[in-house]
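The same chain A turns up in both complexes below, where it pairs with chain B and then with chain C.
Take a look at the complex of A and B:
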């Protein structure tokens, strides 16, 4: 798994490339925490290149959302592939995360 | 890390393969690839195959995390393809761990964790656990064919 990080208009963009599982999720967790432990952080996680996620990956995102909320930040997950969205839906996570179809749409929400 | 082989088959089984993994998270990705390859030839629909892959991955993760607790140990996986179903047995000699006893998590989860056993139970049609001192943990997962997977 690779993680590409950049910034646009004050929003941190994290693009994940590969499969998120028990092996790779600690790397993702560490990188996320570096970004979200700042007050008022704005973060988009782009999952268009992620074809697989397991419960460890979901736990990583749930923990990240908790921290973002604690720090009065914003987190949007964009571009979920069909299999990844399906796993989010099994856990009913679409009800607590903001899941949007594209990075541009997410940027529009966080920069308006 | 990952060894595969064919052994004697039972009953009406079409394909039977044995795998041996070391309880290390690095083994998960390569094993998923092998499993996807077998499942693509099983006749299960794409969603069904994805569900089996996730359930087996969660079961293996449980063995690595809970049964062996980070220690190195062997995990034996038997993949069997029948006309009407796919069966996968996952066996290890780590500490006793029965995922079928795990309490279902609150959904959506308010805190991280607790989804792995839920996925195993939800995504497979039948889940059976057995334990004995010589055989250790034995988890039997069954997915029926000919159904449209949710």
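Take a look at the complex of A and C:
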């Protein structure tokens, strides 16, 4: 798994490439913590290149959302592939996250 | 130990023989388990169901033959390889096998703590998700002795799927449960199979349950596969052993007891 990070209009964009599983999720968690442990952080996680996510990946995003909420920040997950979206749906998590179809759409929401 | 599965199968068992001393329990068994499907292994006591299951999960070593699971041969696998294979499957034991001194949450968390380096915070979230999947949201802090037998089964199932296995083995999932609770467990097996695309291998002699949940049924008798088919095919089987097993007749193709000759021969052999 690789993580590409950039910034646009004050929003952090994280693009994940590969599988998010028990082996790779701790690395993702560490990188997320660096970005979200700031007051009012704005973050988009682009999952366009993620074909598989397991429970640990899901839990990593839930924890990230808990921290973002605590810091009055915003987190949007975009570009979910069908298998990844179905994992969110199975765990009934699609309603607690803001899941959007594209990064541009997510940027539009966070830079309004 | 890299090996190939038949296309569409996640497990291939070939000419599996298991002997305990002179007693042959698995007598050249060959079968395939299809990926993502529910396969029920059925048969009477002594037919080889439990021995097959123990060979599949690596608790017993085959006398001869081969088992290929998700592209890896179990035969001759060293401990490191077996650990890798064990991550591929979860197991629901007949008696649930929960640790009574640990809370429901800690029981589900156990494989995650044993087999991963995940932080406690992440493990807590995974436990909540798994408990929701088996309909036990909010039961993390209960102790096993505070919940019913059906709930224990569900906790055991949450633990079996904690590591996101590709395959779940169920050993007599309805045993010891009342009919309503047993049906709920059946429904859960169906739900998890469909939702998580898990391959399920269910060992049972509960006919009603088998016909309800199975995509495919494998019937064992005297350590061999005597018929494989859909629920309908098995229910309409012409095989006298299968027919007797389904109808529950006390005597028939499967003899109720040994013949006098066998008895006398056995006496002289001791």
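Just so it is clear, the second predicted complex is superposed on the first by the 112 of 112 C-alpha atoms of A that agree within 3 Å, B and C clash if a C-alpha of one lies under 4 Å from a C-alpha of the other, contacts with A are read in each partner's own complex, and residues count from 1 in each chain.
Methods note: contacts are C-beta pairs under 8 Å (C-beta built on N, C-alpha and C of every residue); 3 or more make two chains touch, one makes a residue touch a chain.
If you're wondering where the values come from, they're calculated on a predicted model, not measured in any experiment.
Bringing the complexes onto one copy of chain A puts chain B in a clash with chain C. In the overlay built on the shared chain, the residue A:96 is in contact with chain B alone; chain C does not reach it. By the document's definition of touching, of the two partners only chain B reaches A:19; chain C does not. Of the two partner chains placed by superposition, chain B and chain C are both touched by A:62. In the superposition on chain A, contact of A:3 is made with neither chain B nor chain C. A count of residues in chain A touched by chain B and by chain C gives the higher number to B.
Residues 22, 54-56, 58-60, 62-63, 90-93 of chain A lie at the contact with chain B in one complex and at the contact with chain C in the other. On chain B, the positions that touch chain A within their shared complex are 25-26, 28-29, 32, 47, 50, 53-54, 57-58, 61, 64-65, 107-109, 111-113, 115-116, 118-119, 122-123. Against chain B, in their complex, chain A makes its touches with residues 19, 21-23, 52, 54-56, 58-60, 62-63, 66, 83, 86-87, 90-93, 95-96. Interface residues of chain A, counted against chain C in their complex, comprise 22, 25-26, 29, 54-56, 58-60, 62-63, 90-93. On the side of chain C, the complex with chain A involves touching residues 115-119, 121-123, 125-126, 129-130, 132-133, 162-164, 195-196.
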